Amino acid sequence: MDRIKIKAVLERVQENSMTVPEALETFTSLPYENLDFAKLDTHRMLRTGFPEVIFCKGKSTAQISEIAKKLADLKQPVIATKASDEIYQAIAGVNGKAVYYDVARIVAIGKIESKKKNKKILVITGGTSDIPIAEEAAVTAELLGGDSVERLYDVGVAGLHRLTGEIQLMNSADAIIVVAGMDGALASVVGGLTRKPVIAVPTSIGYGSSFEGLAALLTMLNSCAPGVAVMNIDNGFGAGHFVARLN
Amino acid sequence: MDRIKIKAVLERVQENSMTVPEALETFTSLPYENLDFAKLDTHRMLRTGFPEVIFCKGKSTAQISEIAKKLADLKQPVIATKASDEIYQAIAGVNGKAVYYDVARIVAIGKIESKKKNKKILVITGGTSDIPIAEEAAVTAELLGGDSVERLYDVGVAGLHRLTGEIQLMNSADAIIVVAGMDGALASVVGGLTRKPVIAVPTSIGYGSSFEGLAALLTMLNSCAPGVAVMNIDNGFGAGHFVARLN
Amino acid sequence: MDRIKIKAVLERVQENSMTVPEALETFTSLPYENLDFAKLDTHRMLRTGFPEVIFCKGKSTAQISEIAKKLADLKQPVIATKASDEIYQAIAGVNGKAVYYDVARIVAIGKIESKKKNKKILVITGGTSDIPIAEEAAVTAELLGGDSVERLYDVGVAGLHRLTGEIQLMNSADAIIVVAGMDGALASVVGGLTRKPVIAVPTSIGYGSSFEGLAALLTMLNSCAPGVAVMNIDNGFGAGHFVARLN
Amino acid sequence: MDRIKIKAVLERVQENSMTVPEALETFTSLPYENLDFAKLDTHRMLRTGFPEVIFCKGKSTAQISEIAKKLADLKQPVIATKASDEIYQAIAGVNGKAVYYDVARIVAIGKIESKKKNKKILVITGGTSDIPIAEEAAVTAELLGGDSVERLYDVGVAGLHRLTGEIQLMNSADAIIVVAGMDGALASVVGGLTRKPVIAVPTSIGYGSSFEGLAALLTMLNSCAPGVAVMNIDNGFGAGHFVARLN
Amino acid sequence: MDRIKIKAVLERVQENSMTVPEALETFTSLPYENLDFAKLDTHRMLRTGFPEVIFCKGKSTAQISEIAKKLADLKQPVIATKASDEIYQAIAGVNGKAVYYDVARIVAIGKIESKKKNKKILVITGGTSDIPIAEEAAVTAELLGGDSVERLYDVGVAGLHRLTGEIQLMNSADAIIVVAGMDGALASVVGGLTRKPVIAVPTSIGYGSSFEGLAALLTMLNSCAPGVAVMNIDNGFGAGHFVARLN
Amino acid sequence: MDRIKIKAVLERVQENSMTVPEALETFTSLPYENLDFAKLDTHRMLRTGFPEVIFCKGKSTAQISEIAKKLADLKQPVIATKASDEIYQAIAGVNGKAVYYDVARIVAIGKIESKKKNKKILVITGGTSDIPIAEEAAVTAELLGGDSVERLYDVGVAGLHRLTGEIQLMNSADAIIVVAGMDGALASVVGGLTRKPVIAVPTSIGYGSSFEGLAALLTMLNSCAPGVAVMNIDNGFGAGHFVARLN
Amino acid sequence: MDRIKIKAVLERVQENSMTVPEALETFTSLPYENLDFAKLDTHRMLRTGFPEVIFCKGKSTAQISEIAKKLADLKQPVIATKASDEIYQAIAGVNGKAVYYDVARIVAIGKIESKKKNKKILVITGGTSDIPIAEEAAVTAELLGGDSVERLYDVGVAGLHRLTGEIQLMNSADAIIVVAGMDGALASVVGGLTRKPVIAVPTSIGYGSSFEGLAALLTMLNSCAPGVAVMNIDNGFGAGHFVARLN
Amino acid sequence: MDRIKIKAVLERVQENSMTVPEALETFTSLPYENLDFAKLDTHRMLRTGFPEVIFCKGKSTAQISEIAKKLADLKQPVIATKASDEIYQAIAGVNGKAVYYDVARIVAIGKIESKKKNKKILVITGGTSDIPIAEEAAVTAELLGGDSVERLYDVGVAGLHRLTGEIQLMNSADAIIVVAGMDGALASVVGGLTRKPVIAVPTSIGYGSSFEGLAALLTMLNSCAPGVAVMNIDNGFGAGHFVARLN
């Protein structure tokens, strides 16, 4: 794309429909919006096929709703993660189409409409407490373009038969997202039962020496079954985005 | 597959061509070879589509060559990772077809022949010292079934133009493996430049507070660009196996 | 047990009282209840002899009381750990037999009635602050089937004579649970004074470089007296469950 | 026993067959041998039922063989762990009955003869590389008094069927020792499949972020299946000693 | 003292003024008070010369005031550390002589009257924020028996001349307590300027990679000037107690 | 300056306008103010050219405003960092000239007037959430003497073109402060794009394995591009002070 | 510079002395040499004013000497760090002008000749063992363009007067590099004594809880004296490069 | 002393037997020897009463023997710690009075003769492997001035009676050094048994999660018995030096 853009400019220079200084200017004026406190990477949609996403932690509600409004005005899909109900209210105040996925804690306006719809994603959790992160992954994948997402929740290794009965379901997916806290052993087990790529998301569920998810993170990184790649602790969004890129 | 096997047994019981005790026996005699010190998971090839791989660290040369021989006798492809030249010699002693990929430190006998050959993998490294791990990933992907692998080495973020000139190459791949040590920042940069899924492998290259790869690992887990999933430190094999599962 | 179940099915197939598809179905319909957000492992009682336990952290009060109700309806004992008074009120609202052990922070409905009652467990704490975790262990052991539990609290190594006077008591137990924070040295001392197996539970009591229980955990793992096995920080439930399995 | 000894002394004082200063002296001369560099706890055999064990790391070969000789002269069983072949040669030089368990790296002279022989221990490993630590556990349990030990090696979770076929074997044991490195997930899986107490031993097998066994250690401490207690990394001896105490 | 006690008992047995069973009983009935939830080590005053101290963290206000009352009733000095104003009020409610040192966060009833009063302690802080911990050390030393304590606060290494002007004061002390957070460098500097033993107390003051006092702790443990021993983070009480033992 | 001071004293001694005891006294009476709880290093302004700065964390509002008042009375510039609005109100109450930079969380009275004004500092952030720390750096540099500070915010590596378009701006600065959380990769990228010294400030923005800024800190310390020096996590003040010293 | 290059190309397109495809080609053919295993960033000299440096760890001697030869052929200065004598011999074999700084462990061919020579750098070490890292910093600064470097070695805080006598020397420098291991307190002390920017380099000298330099690293990051920026452990090269950028 | 020195100079200036420039010079020429690579702090003997000690790690044998020779020539006692036999040979080559304490790994020439000889130090170890560090402490204390040192080795808490029989010995000492690895629990136990100050030295003896002494270090820092101060891991010298300062 960069090449196409440059080529177009070069041709206009060649045919003298654009001066050299104008051309020069073009190269530095890549499309991003200046919001005083934030430079929106509106160019990202073109470059990577995915819009910029608002990570709500550490930003004020006012900042978030202003960014959301700007993106929506530019006809870009809006996705805000780790969003509280208060943040949803603020965004809904500036754009009536805002939707709140409360378990996933995501606010969205619009979504990416994908032409091909063939990838199937399976999201598995070890326990009930892991569901919010799993939903963050599932909703992200759905918003970012047409993945068909199936859920299989609360099937941790303490009751292995809940899992071994679902091998066919696993092998029918194109990729599997495994969300688990505590010992994080679920990722290894799924990786050993199936031939599909596993994206593992450790959660901060647990106590004591789980060290806010560190134990699960290390377990998953050291999976004795190959085929497991790992996201940051509680980073459901990251897993959803990763599988969206498989399309 | 398990269902198919069970179904066949059930049918033979139904038609009385198999007794109940015989049937019972069948369910526990799943195909794995007992080697006294190792139970070969020869069943894995059927279950996951990939053979068991020999991780050489912590095993004696004698053990490794015996496992290799057994697998080869069973007509399964053999892949031994983190293998020294001495190990190669031992395996070559029991099977003349053994090949040594010395940079990747992999010994292989045979490979998986895939019918479809459409996935393209790009392997990128930050520096020269990361190449052995990158080759481990690349050779693994090639052995595990037909991925077409392209290499782009020594293009770390200290000289960004080496990377930005290759955006088209990146977007032409189905998945990108990024191998980097020290600050591990390359994964974030590639993740931000392309729309393809990035599998990041931190290496133990660096010194001082790189803490044998921990710094790069944390950087990659915290990538500000989404679409990056992470493997264990120096786990090139894991990345190669993960992308093979995309087929 | 799995074998017994399979055998029964096989025999029914053999005598044609069950079709092959029906038999096939049987293998995947292992008994667990689907609660939408949680798959209850009601099968666990049969498999391991112990019911599934509700770990309250990270679950909503509504979720907890619904799980509790379901388990109780299935005539299974209910144990909810790390439970606040508010959670107790909710469970009591759906089942009048709920009991609250407030120091242990456990809500229970019913308990496992064991036929043999011969194991004797001794629970020891280093200080007063360790008592809630010790009670969690003691109550768990009592609910899971008939262990006779004795308490010996606040006998830390700073006043060694409180401990050396109780060697006979220690040797009269079948297993000893040691609960201690700060330096966690109590486990080593008890391990050296007695011939009984010691299950050590580090607590998060302490400050500064106790790092929320890490110091006690490491001390216990490195006990210079052998015969000491270790549970997670503050995991009194785990210790109680472990000793119940000794029966 | 302390009480018996004190009682005997008191009675001799009462009957004037011992003076007060003599009696006083008795209380401080508890039976331990002074070896200049080491005070042998020969009293331990009486106190805990188990002899003092020689942990070879950090001691010179000369020191080890001298301690071994002294213990053997006192008719106590000798167990030296983490012993090289060179150490074995030195001990054999001072006592012809020394036996070397080379995989377990244990040198032993004699063993504890137990009257009751009813406990059965099952030792399971995840991989081939974990066997030396598993053998350390198994041999220790056998030497410390009559446990009947069964081995089930190389049945890691990457090939789950190797494990699920052995549930009956697991439930036939009185306690199960699980030895695993890398992700250490095997302990959780065994804990979930069986009703028996599980003693988990993490090993330092693995690489990268396994951090010399830390990953497996944390996994096991955070086991989502209850009933798992944990030993120090590579501490096979500790596990063997723990189960011996169950007798 | 133990010897004296035993000798007395033996003599009474010898002169038949005490029976053997009575004597036997004596040895196990060492003086500690049973408070149901806490066993008071009232014997400690005799054994170590210092009373048991109440560490308030993790105990309820009711428990604390009951322990305080009991100790005071036994005519032992009471010292409660990390005590809030609310705790002071509760203790004052059961004993009118309670005194609150609010900066030090210590509640005391009575103090140890020492005959010899010759030790002089100097307490130094790096900054203003370290003063509460320094006062905890100073007040503890004063209460535990007659140390004469001098304060030199806010003389951190960022303004070295504040410190180098006080070398004479330092050398006039018998021991120096250095309390510092952030980089903790003050301990090394004081250790290098003086010939007196330095007891260093790291505080949790700082931010970012001070990691709640870990940075200062490590600095002090690695002091390039010898003569520095280290207490736990924020453990002013420990330092005060240590210097009291020098008497 | 010390030499000058000493020389002056020596000359006065030589000409007998000062006695030896008086001279002796001079050397120990270096100018610092004693505030009971704080020794103000008013000498620092002379010694280092910069005033003492009030780090508000861990100090009471009363202490802070008293220190501020004292410094202002001595005609020294006042800078209080990590200051809340409440602290600002308190300082404003004792000195009407107090100014509050609310984003930077700095309260200031006066500033250092520098004669030469030639240094130009560029402050860059990766995201919006990093701005408060960046402003702390920028305002500090401005208050400490005449640096001309330019801001370039929200230009993280996920959208690299926002950064590569600003190479000229970077090279026009004398030093660049890079403030970033999450992966902290921005410092490496800026270090590779420019010839100017980079002072990197990791922030605690991020989640999961960012471990409150540790990930960004390690990334920056391991920058594969040379020319990057690192400050403590969230230490914007430190970076601002460092660049002020370049004048 | 990029702008100038682009402008030149555009003008040639405009005047038709270059076709559009040729122009397009130009943008991707930025000057770097392809060495099969390494892409030399020969463009870096133009972009940042500094040549690419060879970090020898993890590269074979053959690779290093080939890279060195290539750089030297391109008339670029060669700097190889962490170089053994063997590596020096190899480089000297391909280029006779190679010089070996053995204490600094640097091999160099040529150096950057700077027009202006006004910056003065002072390198200070805490102990004798820190000298190799200090020399790496000093030699790097000298090779990268004309800094005048002065050394002040072995002046750690254990003997503070060695340091306080050198304040004038410190203030005469433009920047100070402080190299120290163990407690790393030297950086704070120098930062408090002078008005110059301090670049601190922790070394891995020390033992026990110095954790290979971690203690010194944390001390320096938490310096209570402002004006201290920190490099990676043992990264003398980084400090030398940083100060070279001040020119 | 500084004051005395300054006073003498001032008086000579006053009586005109010294010029101002000469006087000025005096203040910076404090007595330390310049050895090119090391500045000997010969002034330390006067300032702190203890000579500079040579820490051999990280220094070449040639450097060590040259420093030793210089110190000996200046009639200062020489103490070199962590010294190998080879280093001893080298020092003995330059000074015939060198003595090698091989267990302690200390080379010494001469010692400090103290007038008063009243302090008694007791050094206790947990095991045989801790003896080298204990001897380093004991020999250091003996060389630094007349402490009378008693040893009590191999009395770890696994055999508590070895320790409880020695309470009188403990209380007869002025200070107790406790040296222990593994769980480090010995320090807490000794602290609780005695009224004397305890200086605890963790050793790197142990394996697995002892993390080279970290477990013992944390245990000792968190001692539930007060009166325990802690040295760096394996820092026997530090403990010996600390108690020497008590004189």
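Assorted remarks:
Here the chain labels run A, B, C, D, E, F, G and H in written order, and each chain numbers its own residues starting at 1.
In this section, a contact is a pair of C-beta atoms (placed from the backbone, for glycine too) under 8 Å apart; a residue touches a chain by one contact, two chains touch by 3 or more.
It should be emphasised that the depicted structure is a prediction, and the values quoted were computed from it without experimental measurement.
Here the chain-to-chain distance from chain A to chain H, counted in touching steps, is 2. Looking at which positions face the partner, chain A and chain G present mostly the same ones, since more than half of the interface numbers are shared. Repeated interface, listed pairs A-F, C-H or A-G, reference E-F: A-F, with more than half of the contact pairs matching by residue number. Chains compared, chain B against chain E: the Cα-based superposition rotates one onto the other by 180 degrees, nearest 5. Note on interfaces A-F and C-H: more C-beta pairs are in contact across C-H. If each chain is reduced to the centroid of its CA atoms, chain A and chain D end up 49 Å from each other. Annotation: 25 Å between the Cα-based centres of chain F and chain G.
Per-chain Cα centroids separate chain F from chain H by 39 Å.
Centroids of chain D and chain G (each the mean of its C-alpha atoms) stand 53 Å apart. Each of residues 3, 27, 47, 127, 158-159, 192-193, 208-210, 214, 217, 221-223, 226, 232-233 in chain D touches at least two other chains.
Contacting chain pairs in the structure are A-B, A-C, A-D, A-F, A-G, B-C, B-D, B-F, B-G, C-D, C-E, C-H, D-E, D-H, E-F, E-G, E-H, F-G, F-H, G-H. On chain D, the positions that touch chain E within their shared complex are 3, 6-7, 10-11, 13-14, 16, 20, 23-24, 27.
Chain C contributes residues 127-129, 131, 153-155, 158-159, 161-162, 165, 181, 205, 207-210 to its touches with chain E in the complex. Those residues of chain G lying in contact with chain B across their complex are 27-28, 30, 32, 37-39, 41, 43-44, 47, 52, 55, 57-59, 63, 67, 82, 202, 204, 212-214, 217, 232-235.
Only residues 2-3, 47-50, 53, 167-168, 175, 192-197, 199, 217, 221-223, 226-233, 237-239, 241-243, 245-246 of chain B touch chain A when the two sit together in their complex.
The part of chain E that touches chain G in the complex is made up of residues 126-127, 156-160, 164, 180, 182-185, 188-189, 191-193, 206, 208-211, 214-216, 218-226.
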